[in-house]
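Same chain, two partners: subunit A is paired with subunit B first, then with subunit C.
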Partner chain A sequence: MTPKEILAATLRHERTEQVAWVPFAGVHAGSILGYTAEEVLKDGDKLFQSLMEVNKLYKPSGQPVIFDLQVEAECLGCELAWSEEAPPSVAKHPLEGEEELVTPCYCTIPTKDSGRIPMILDVMKRMKETVGDTTALYGLICGPFTLAAHLRGNDIFMDMYDDEEAVEEFLQYCTAVAKKMAEYYAEAGMDVIAVVDPLISQISSDHFEQFMSKPFSELFSHIRQLGVFSSFFVCGDATRNIEVMCQTNPDSISVDENVDLVAAKKITDQYNVAIGGNIPLTTVMLHGSQQDNMKFTLDLLDQLEDKRNFILAPGCDMPYRVPVENVIGITQAILETESVRKMLENYTAQEEEIEITLPDYNNLKKPLVEVFTLDSATCAACTYMMGAAKEAKKTFGDAIDMVEYKFTIKENIARCKKMGVTNLPSMYINGKLVFSSLVPDKEALEEAIRKVM
Partner chain B sequence: MSKLYLITGFLGAGKTTFLKRMLTLFSGNSIHVIVNEFGKVGVDGELLKKVGAEMEEITNGSIFCSCRLDQFEESLQRSLQRNPDVILVEASGLSDPTNIKRILESNKEFATIEFMGTICLVDAVSFPKVYETARVVKKQLNVSDQILLNKIDKVSEEEKESIKKILKKQCPLVPIHETVFGQVEPSWILSMELVEKNSMAEEPVHADITLRKFVLHIQEDTSLETLRYIWQMIMEDVYRMKGFIHIQNKWYLIDCAGNTFHAVECEGSNEFPNQLVVLSGYGLPATMAIKKAAKWYPEAILNWER
Partner chain C sequence: MSIIQEISEYLQKGRAKNVKQLVQQALDEQLDPKEILNDGLLQGMMIVGTKFKNNEVFVPEVLVAARAMNAGLAVLEPKLVEVGNEPVGKAVIGTVQGDLHDIGKNLVVMMLKGAGFEIYDLGVDVAPSAFVDKAEEVGADIICMSALLTTTMPKMQDCVETLKERNLRDKYIVMVGGAPVNDSFAKQIGADYYTPDAATAAEVAKKAVTEK
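Presenting the complex of A and B:
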């Protein structure tokens, strides 16, 4: 099964040999190549290159093309405030402060030529052509309630109390926008349309049923008619809305760390809806070590009695500065679960001291390139790192020494500990860390080696 | 030490206007301001300069995200490098301030911060509405140490009293002050005291016929983690959950109120072991919340009764 087929089978609620893995790399994708959030969300070429890096390093079953809930709002006249390391925020809501909530004319619904949509559709098509056979592509649209709040501001919470009919009418309009966006994205080759509506966690399940059940049910039915899968993303403490969300009949939902995923899955299983989540964004992905990330993944997998209907994913859009090696660790834990389990066991087993003698780095006869990997045979990022080292070895021949240490072997774990290697893959030259996680290009590596010759 | 004040309140409650008052109040001190929202009327540079304050805006991406607290942490770290006398934090109107308090309590690097309290702005005009529609409003009230009932010139005496009734039910120990344009008496702020969140008000002397009591019977295998999740599921619709329980071979005294789950290990007790008493009151859909929790955690909640 290709990674894409694993995801499709999961969304069809079938059993799979492996768990589907969908890293939500939005602005983080840009960080891999050093692009700012603004660059990667505005410049199609930079976005495409960044997404290709994600695809190469994280071997995803599915990946979003753009993670920005402000695309539709921008088309509809919301002023955005841009940021270097986060998606933009809506700085001005065009309908805020007006006494009455008036639904805009349907003629204002964004077309394929509005705002950033042409750029997005183009990148979607390029991704489809390049990796579409093996990776399921996610088209993310702004959910009707969040779009309503973008356009109307906080007044929407007052309207829900004052003028229920006006809110229903307005949400119909926002749903119509979502339906159109779903059409554009499905046509551009997206396999899954994810309706992202973080604000859902801010309302009670009663209000959900009163205002949201109908529009969301219609939206998911529409997406089904387009012949693609659907997902319902929330964030925040959406616990009490999980059940009403399932009742709108999406193929899957996705939750963050505020939800007890193990308990939630028992509920979603009753509705036969797949559930995705919920690697903690800050404590684990951003601030945790590579081992923390692998351990979190294994623990989560172990806690789930039934892995059918489960997709491993971050709680939400990954923070910009998530270290690449942390995501590589998660990838490896999903793809090579048992080997990672062994690694972690060996890593924590302290009693068995293995004596390691490190080379005398100050008195080497020739440059020594040491590549520390999770396992270059199975971990994509490690394969590339090892590939670069092998290339260099070809260039320099006997003038340098090169060696790989796989973390799957106990002695190598002891070596990593002794040398203080924490992130894999990484490359050391003469005992000094030179490249970590990101694979150096040929010139950069050769230059680094020449420096010590 | 830097004194930190946290300002909360739903969108449009008047936080930014109040923040300006606070700036003037602390004029003469070095002040650092952290704002987690785009206000319609921002704090202008002129005023900041006049009182010698520095300001930092956190642009929180999609603004709703409650998991991205790293940005707040970083901003606070930067602020501490300057060692200001006063730090004023204006939390985003949609954010659950419980998380901010948790960060302050759990991080050693924030040990030089003296937490002075949370001031919650309540817009008298919109409160009855957003209290019904936006869940975060209750969470903001639950962590507050002082409530400023703002914009009282825009409502009738009757309306004001009915709001105060709701507020007193929701957080009986928190002092409520009435304001217009966020104008406060300096003494309200300067002599503010922290409200102990785990000790609820004594039971009322008069019978309160709206008080509802439930008993949850807890299974012995249940983990504390699961109990915390159960509390999270019901906390918005109840006042308190309390009892002695013996789970996973340990005794705990559970006492939760507001947004806080509180459990301490204790000596064994024979008094109704593994029964948690839950109190709720008028206008709160507690039965539904408890039913839902029992459905989510059938292994933990053996049964429940009224």
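Presenting the complex of A and C:
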């Protein structure tokens, strides 16, 4: 099965030999190539290049093309405040402060030519052509309730008490926007339309049923008619709303670390809805070590008795600065689960007496390139790192020494500990860390070697 | 049911008009303004806060209850000034620089008001020095900072550093909160308290100023 087939089978609620993996690399995708959040969310070429890096390094079953809930709001007149390392925020809500909530004319619904939509559709098509056979592509649209809040500000919460009919009418409009966006994205080749509505976690189940059940049910039915899969993303503690969310009939839902995924899956399984989540964004992905990320993944997998209907994913859009090696660790844990389990056991085991003698780095006869990998045979990023080292070996021949240490071997774990190697893959030259996680280009690596010749 | 209890009940239901009317009626009946405040408005808001903390009510319910509280306070405040009612403490609050998210911050504002604090709400996108300047200007007890983005969290530390630079760190209680913030982050940046929700923030703030 290709990674895409694994995801499709999961969304059809079938059993799969491997768990589907969908890294939500939005602005983080840009960070891999050094692009700011603003660049990657505005410039189609930079976005495309970044997404290709994500595809190469993280071997996803599915990946979002753009993770920005402000696209529709921007088309509808919301002023955005841009940031270098985060998606933009809505700085001005056009309908905030108006005494009455008046639904805008349906003639304002964004077209394929509005705002950043042409750029997004173009990148979607390019991704479809390039990796669409093996990776399921996610088109993310802003959910009706969050869009309502973008336009109306926090007043929308009061409106739910003051003018129920106006809120219903307004949400119908926001749902019409979402339906159009789903049409554009499905036509551009997206395999899954994800309705991202973080604010759903901020209301009661009663309010959900009163205001949201109808529009969301209609939206998911519309997406199904378009012939693509659907997903319902929520952030925050949405525990109480999992059941009512399932009742709107999406193919899957996605939750963050505020929800107990194991408990939530018992509910979603009753409705035969797939559930995705919920690697903690800050404590594990952003601030944890590579080992923490691998361990979290294994622990989560181990807690799930039935892995059918499960998608491994970050809790939400990954922070910009999530270290690449952490995501590589998660990728490896999902693709080579047993091998990673063994690695971690060896890593955390009581210190065995494995004597490692490090080379005398100060007195080497020729440059020594040491590549530390999770396993270059199975880890994509490691394969590329080894590929670069092998290429350099070809160039320099006998003038340099090159060796790979795979983390799958106990002795190499001991070596990593002694050397202080914490992130894999990484490349050391003459005992010094030179490249970590990101594969150097040919010139950069050759220059680094020449420096020590 | 006494009129004071009625004020609390209507406040919990978010019925601003009824609360306003009942507070006026209570004043007309010569009830003690402090009693109307503490046993009616603030007690009602405290119940809402506890329910919010226990996941029994959510953002819309808290917002309408707070609106009802404010409607009652508007009627009551002139009388409170007359009788010389002192706030529990003064708090300066805002969402940190670069961050425009204000739902969580607004909830804390309401809960702090409900706990009897005088609030100076600086809004969103607040520079570290602006928190300190305002606290100095109004003689605050507490500085409260909110952030929703991992990228803006470091601004909280900048504010703590600004306090240190001006030799004011010990003068203020610094509280932080927001989705990506946790206890260890609060400790790491040298804040005094992290609280996971608005109701707990109000409880902790009240205890902190009492012990100060």
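Here is the rule we go by: the second predicted complex is superposed on the first by the 452 of 453 C-alpha atoms of A that agree within 3 Å, B and C clash if a C-alpha of one lies under 4 Å from a C-alpha of the other, contacts with A are read in each partner's own complex, and residues count from 1 in each chain.
In the analysis below, a residue touches a chain if its C-beta (ideal position, glycine included) is under 8 Å from a C-beta of that chain, and two chains touch if they have at least 3 such contacts.
What you see is a predicted model; the values in this text were computed from it and never measured.
Visitor: When the two structures are superposed on subunit A, do subunit B and subunit C clash or fit side by side?
Guide: clash
Visitor: Quick one: classify A:25 as touching subunit B (first), subunit C (second), both or neither.
Guide: The answer is neither, since A:25 touches no partner chain.
Visitor: Determine, under the contact definition given at the top, whether A:9 touches first (subunit B), second (subunit C), both, or neither.
Guide: In the superposition, A:9 contacts neither subunit B nor subunit C.
Visitor: Answer with first, second, both or neither: which of subunit B and subunit C does A:319 touch in the superposed model?
Guide: Both: A:319 reaches subunit B and subunit C.
Visitor: Classify the contacts of A:177 with the two partner chains as first (subunit B alone), second (subunit C alone), both, or neither.
Guide: Neither subunit B nor subunit C is touched by A:177.
Visitor: Would you sort A:374 into first (subunit B), second (subunit C), both or neither based on which partner it touches?
Guide: neither
Visitor: By the touch definition at the top of the document, which applies to A:57: first (subunit B), second (subunit C), both, or neither?
Guide: neither
Visitor: Count the residues of subunit A touched by subunit B and by subunit C, then name the partner with the higher count.
Guide: B
Visitor: Taking the stated contact definition, name every residue in subunit A that is touched by subunit B in one complex and by subunit C in the other, in rising order.
Guide: After superposing on chain A, subunit A residues 81, 83, 86, 89-91, 154, 157-158, 160-161, 202-204, 207, 236-237, 239-240, 281-282, 286, 319 contact both subunit B and subunit C.
Visitor: List the residues on subunit A that touch subunit C in their complex, please.
Guide: Listed in rising order, the residues of subunit A that touch subunit C are 81, 83-86, 89-91, 154, 157-158, 160-161, 202-204, 207, 236-237, 239-240, 281-283, 286, 319-321.
Visitor: Give the list of subunit B residues in touch with subunit A in this complex.
Guide: Residues 10-12, 38, 59-71, 93-94, 96, 126, 128-130, 132-136, 226, 229, 232-233, 285, 289, 292, 295-297 of subunit B touch subunit A in their complex.
Visitor: Flag every residue of subunit A that touches subunit B in the complex, lowest number first.
Guide: 69-70, 81, 83, 86-91, 146, 153-154, 157-158, 160-162, 198-199, 201-204, 206-207, 235-237, 239-240, 243, 256-258, 260, 263-264, 266-267, 280-282, 286-287, 315-317, 319
Visitor: Can you name the residues of subunit C that touch subunit A in the complex?
Guide: Residues of subunit C touching subunit A: 14, 55, 57-61, 63-64, 67, 98-103, 106, 125, 149-152, 179-180, 182.
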